[in-house]
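What follows is a set of structures to go through.
One chain, chain A, links the two complexes that follow: it is found with chain B in the first and with chain C in the second.
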Partner chain A sequence: MFNLKTFLDSNLGKLFVYKKNKDYEFSLPIACDFEEDSIVNNNVPYELELDPSFKKVGTKLSDNLDYIKAKYHILINSDIQIKEFNILLEDKSYSAFIIYIDGMVNSEIINDFILRPLMLRNKTNTHDRKKDKESKLSSFSLEDYIINCLIPQNRILKKEEFNDIILEVNGGNCALFIDTLGVAFTAEVKGFKQRSISTPSNEVVVRGSQEAFVESIRTNTSILRRVINNEDLIIENSYVGKFSHTAVSICYLKNITNNDLVAEVQYRINNLDIDYLISSGQLEQLIQDNSHSIFPQIVATERVDKTASHLLEGRVVVLVNGTPYALVMPGVFNDFLSSSEDLNLKSQYSNLIRIIRILSAFLSVLLPGIYVAVTSYHHELIPTQLLFAIAATRESVPFPIIIETLIMETAFELIREGGLRVPSPIGPTIGIVGALILGEAAVSANIVSPILIIIVAITALCSFTIPDLSLNFTFRILRFVYIFLGFTAGFLGLALGLFAQLVWLCNLTSFGSPYLTPYLSKATLRTTSSLFVAPAWKRENKPTFLNSKKADSQGKISMRWKYPKSH
Partner chain B sequence: MRNTIAVLLIITVCLFSLTGCYDARSIETLSYAIAIGIDEGETNMLKLTVQFVNPSSMGSNKGGSTSSSEPTTITSVECASLDSGINIMNSFISRQINLSQCRIIVFSETIAEKGISEYLYTLTDNIEIRPNCNIVVSTCSAEEFLQNSEPASETLLGKYYDSIVNANKYTGSTDDIELSDFFTAYKDTFREPYAVLAGINSPDTPMEYQDASKSTIDSGYVADKSSVLNDTFMQSIGIAVFRSDKLVGELNVGETISHLLLSNRLHQCHITVPSPFSENGIIDLRIIPTMDSKKEVTLVNNTPYITCEVFLSGEILSSTKGINFTENSNIDLVESYVDAYMEQQISEYLYKTSKDFKSDIIGFGSKVVGNYLTTEDWVNSNWLDNYQNSFFDVTVVSDIKVGETFSKID
Partner chain C sequence: MENSKMGVIEAVFFVLAVITNKIILNFPKEIVLWSGNSAWLNVIYISIIVGVLAIIVCNLFSKFGGYDILDISHYLGGNFLKIALGTILIVIPLFNSIDLVRDFSEDLKLIYFNTSPLIFISLFFVIAAIIANKAGFTAIFKTCTIIMPIVMISIVVILFSHLKNFEIERLLPIFGNGVNETFISGLSNISVHSGFLFLFFLMPFLKNTEKYKKIGIIAWILSSLYLLLSVLSLLLVFASSTVTKEPLSLYLIVRTIEYGTFFQRVDALFILLWILSTMTYLSVLMFMALYIFKKIFNTEDRKVLASCFGMLILALSLIPENTVILTTIQETFFKYYFLITIFILCPIILYLASRKKKKELQNNKPITKNIPII
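Up next, the complex of A and B:
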């Protein structure tokens, strides 16, 4: 006889019992429990012994070789290449080796211009210097002879410190060690693949250069030099990150930029205690004045022309290897509302778009907040017909205005974030989903009123006109704050919020420059960084807040052809 | 950072405690009154009529089909005061009544004759009522007035109420009198208040002109008795003249134009004057004031002697056939006719307000007040009573022009 109770007891009991997985189990031990000796990988010793006191290149080649092998974990590192060989010199043979990283060097250069001259017999290395009368007079140095005569390379350096050598090798160069010499030679043999210069993808302009920075710092500095074309452009190198040793270039114009500004940037960059630096975004956060402020204080741009014009104003530009964005400092509020196109267009056109941008900045921050405040507290402010239209559309919506607004704003933020992260083949789906959710379905389902769709749409449009990505984020956060303020206290709340924000902005500085400079201080209009754009012939001064060494950027009469007598 | 958090916390607490979300009133929870009517009550002190808007009938036309509900609801209650009336209405209307969108306040002729000061103070003290809503005196009861006020060409009632008063910018048939104007004039010691005069016209009411001798001239029309022949609808023509808070008389269209000319509130209007060229002919003119009118008041043995100078430019719109307006003599003749006609109109208006109504609605008192050293002297002089003794001397200077069309036709 089938007994349901016993069946359930026996089977259900088994179903919900915890069973340990016996097959395979893995968990990460905490760092202090880590025992190096126990790790065995393919029966190969994991580490070679490293002598910590060994910091300079020694005269015994085998010591150097052992050190390099240990330093680069040669037994497990697959792309580090060490080539041992003998150098032929005046019928003598010296042991030597070169080290390079496979994939980062150009093999042809190594073969043709390093190995071939050193290994094969040729006129230079078989030349008997004792027969040379001149050489008898001067003392012979093997190091100099190798640099000057043996290796036909444009950039070959003598290095004594292992740290310097390793930095060079990591950067794609090769290092040459020779027996009996207490130095090593590093030669420029870079040959890694990199992205070519392309058009800016995030800061699009109609009239202006179509060149954008790339990941390689050397390419970036070269583009910058090409645009500025002046020997006073200084590009100083520095390395940030104890592990990553990321190359960072500090660029400025020696005869224009304020010395203190350069010194401050150098001071901040050289005093960072971090393990690694991957992008300029991280560096931006590490060197900005106010770490808690949601407002951006350093301009990040991928445009070469924008960077160059900032450099020529007297600002400092920092390039980080691996990031196609330049950091321009100091950055004031007005810079984030400006586009590089502003200076290329006629002043009338650029002022029109600048007014539109300022208006849209206000709307993108305040419009939903104003809507919530007006519909909750200040009905009398709405024109009668509009009020009735809003009331009519609101009649069937079950949520309070604040919930309705938050639903729509959140939906919009979701679509925006979703659209950014979605893989490109299914990108159009986001558009369809967004249009359906935001447009028709939400209204038909009486979840939101059509008027709110308009409000959210206008806000979204306004936020797209903000040229800077960081400021856009700032406004997105503030928008929610103002919605909350509008809901709790109406216009009083909005006014308090604006007041607090203004105080906050007034207190903010970026590398010593007041954040609201062109608006508040007595700044001249005739610059490239004023609230409104002056005509090209009237941009006589550099921005005052930069205190540049050179105060003017063009003559009082810039169009000499038109007024030749005034000179 | 700790300071920032503390400041943010304080701000948040302040926001909630000072105002708080409990004060928020969502739009859909309110019932918006668009017009208020005040009548004499039958069983109580007054009868309050409120016209509400049904928002559902105004904007929602989902799927292309418009809602069939009435655009407005009219509710009347008998009550002791305005506020108690609103209170009673709140008890049976599901939504809270809000007066912030009220466009007009209508007083019936009968209640206006008895005095409206009590309601004026209530209305001005009410925070929801806008100071710019129009004060209207209706020749019929306020309830009837609101019930018959259906827009002919406007679909939105609020806009309709605005437009009928705004029409005076090109008709000159009434004035745009707002609550704040009315109340200030009532409180002033040198002028008297006046309101928009409106009524319900229907084909049943006979055409009637105030002055039988000018039966051919349209300026004789008054509200509710004008020549609209087709349907019943609301019309605002003329001005209701008050002395203190009591209605004392009404002005027709012609007198309203005279009033607007003297008080510099006329934008433009059409007038019809008898033609100097033929016995029964008329000439239509568009008149526009060229500069502010000059008014001077002299006290002769404490009797006000008032001189007024009005400057017009006129444009002949239509005329009887066969007159050559390219000749200056003809233009001069028309000019002299217009001057004489307007002088007579304005004088009649002035004597009507001073002798019949004893009400200085233009505010000539403001010209006299400078003659007194102290406010006490001025108040003791009792200008508003003295105004009825005034003598007037009116001069009209007109500049008539003629369109090229006439010369071409002829």
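Up next, the complex of A and C:
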């Protein structure tokens, strides 16, 4: 029988009762809730206690082992391998362990050239030294004996500081600790997988080397050495980042590069207080002269030949582990408009391309701005017939010229960005969409006029000719600025923009070199970094703005076969 | 960067920034207005006088390597003379700036921006000058070195584009408004070379002070040549009565240039170059005003004052009701003020200082006020 009271109790009760939200929720506690120590280990049961005063390798193996286990969080870290074993030496046995990171080392090297000689009985470790003549000359040292006789490795180092040892292990080497010894040994056993040298993907040339840098710093330095092939090439190592300890190589030619330039680069790199460094792009931003400038001040290149050429001019190159790009400093404006191919082609060809590139640079920055300025303020500049044509095409467009231009420029930027980000199988789709938006559909919909599509297309083509990616970004930003200025005050606005830009560029320096070199200095044309490319036989001097130790790069008469009597 | 110094080419263009802008603005027109068809003779006449003065000044200055006119006046008459001369001289760049901003903005308003308020147009120039002066001296002289050659080439292009329209008869009567207007009262036109004020301040900014004389002479030759060419081309193409009615002298010529049937009105392109040139000139003038101000009041950093001076110039340029008032002030007062200060007062101070130095050297007295013996 229906009972109203029961019904109301059960249903109304459900309606008005407070229910606790059972959805899963997670939020991070704010940083100030932690005390510094608790973050390290104390509150976590599987963390081992770390003795902060323990900085050097001790003579007691168990202490060293505990420290290493704590340091590497051995209970939770899966790829850290510690192998404990005994070394047999004559009639004695020493406890020892090695530590390495699985996946970063070559196991065969560890097995064959570290563990086997130490663990197995063989002629070396069972040999009675007392019978040798040498034993009369010098007292026995276990450290030296292990390095000189037991481990057949080309690079084995004695280390006392734990920080140094950890740096080596993190880099893919192994460390050997032996009981009673206050030192550890690190051996070169790297064996991680890395990308092989391939062709440059972003700086493509027709005539020139097809080798590009890779992520491994040592591979990069070896390619550089191979190209430069000179003992004066110095490759200094440094580490940046308190956590990441990213290896950075400063490369220069001892007999050519200005000492002050090298010192300045070293100074800037060694005075960075950062936790980690992942790429050369970050380093570039941290060491450039003017941090607020939108103009690039350091050349970033993936090409080995370009880097070598800059090194030979007297510049400093910085390589960062994990980045297939070299940083070349100082970088002046002309460098960003130059391609490495310029030096490989005949000077006439190179200069033609360079003129086209300079013209393109101007157009890619200014063309939309000029179009807006001319159509808004300076109609008389357009020939009458063309003016009528533009007016006719714009008749059906409801937007003011600035909106129309911004729509098209934004659409183009979207397509460009989209084209970079989409997975390669659907890459061509972007082209089709782009063609539809930028082409027929936009015109048919009366959103933009056909003349503007031509303007945007020419601007895009011009921007593609800029060899440097950073400069391309700079021009993209400036293009929008000039559109606004052109709309605000026509040529007066453009003039203000140009003037301000010029003043900014005139004031800019890169590692002490004026940015507008060689446009504004008495620079000789007979260099590899001049405004126009000199013929190969005429590139006698090094760029003057580098103040290199060696002013000339070839003899006055480079083709001696042709003019033998001149010498 | 602020400590970097100018070479010969940079220094020449720095001085030429002044004269080239005067050509673009009203000076050819004003000379034609004063002397009529004999304006070209007047230009030659005043250029010769300026040339002689320039050589004298350069010779006198060579005895004070590395010092400007204010340092020399300090040596001659102590702080009083330095401050007095500085106060007299600071008026020149300040008035020129005010005149330039107002005059050129009015011209642009007339040509392109009929509906825009004057302050809007003037603001662009003032902002440009503030940016340049905030950036510093190096940026200014380097900008001059880039922009001025382009502007000067553009003037030559303008002149050559009109070669076919030249009629030699337009130079007649040869003495124009009369011999008096050409050679006697016309002497006041010497103020067109007021850019020579910069020669008195150039010395501390030179890489090689021994090239001072060379810089002065090259600047004189080029400025005189350009002034002569612009006046001649105006007179050879238009009747003198037409020239005096137009706001911008060279714009009159540019407007009539045609390159084939396609490009019939290219004046906007030249206006773009002239705007750039005017911005450069204003930056140079403001720099000079700031430099003199810094010297008078011993301020530490002149860059911080750039915005104040910019706003001051903008405000003062808007005070006159129209440009006629400014032109009248210029014609009746400042023309003579420039003449007296630049071409009489400064050379006299230089001469007296060099005599004092000579006497001190003869009497074997120690040279006072840190002026070196050369």
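Methods note: the second predicted complex is superposed on the first by the 534 of 567 C-alpha atoms of A that agree within 3 Å, B and C clash if a C-alpha of one lies under 4 Å from a C-alpha of the other, contacts with A are read in each partner's own complex, and residues count from 1 in each chain.
Just so we're on the same page, a contact is a pair of C-beta atoms (placed from the backbone, for glycine too) under 8 Å apart; a residue touches a chain by one contact, two chains touch by 3 or more.
The structure presented is a predicted model; accordingly, all values stated were derived computationally and were not measured.
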For A:Leu496, decide between first (touching chain B), second (touching chain C), both and neither.
both
Just chain B (first), just chain C (second), both, or neither: which does A:Cys506 touch?
second
Which superposed partner A:Glu380 touches (first chain B, second chain C, both, neither):
both
Quick one: is A:Phe487 in contact with chain B, with chain C, with both, or with neither? Answer first, second, both or neither.
first
Chain B versus chain C as contact partner of A:Tyr519, first or second or both or neither
second
Once the two structures are superposed, pull the chain A residues common to the chain B and chain C interfaces.
377, 380, 384, 489-490, 492-493, 496, 500
Help me check something: in the complex, which residues belonging to chain A touch chain C?
374, 377-378, 380-381, 383-384, 489-496, 498-500, 502-504, 506-507, 509, 514, 516, 519-520, 522
Touching residues on chain A, where the partner in the complex is chain B
292, 375-377, 379-380, 384-385, 387-395, 397, 400-401, 485, 487-490, 492-493, 496, 500
Using the touch definition from the top, list the residues of chain B that touch chain A in their complex.
1, 4, 7, 11-12, 14-16, 18-21, 23-28, 30, 32, 34, 53, 55-60, 98, 100-101, 103, 128, 130, 156, 158-159
Under the definition above, what is the set of chain C residues touching chain A in their complex?
1, 7, 108, 112-113, 116, 120-121, 124, 127-128, 131-132, 135-136, 138-140, 142-143, 145-147, 262-269, 271-272, 275-276, 279-280, 283
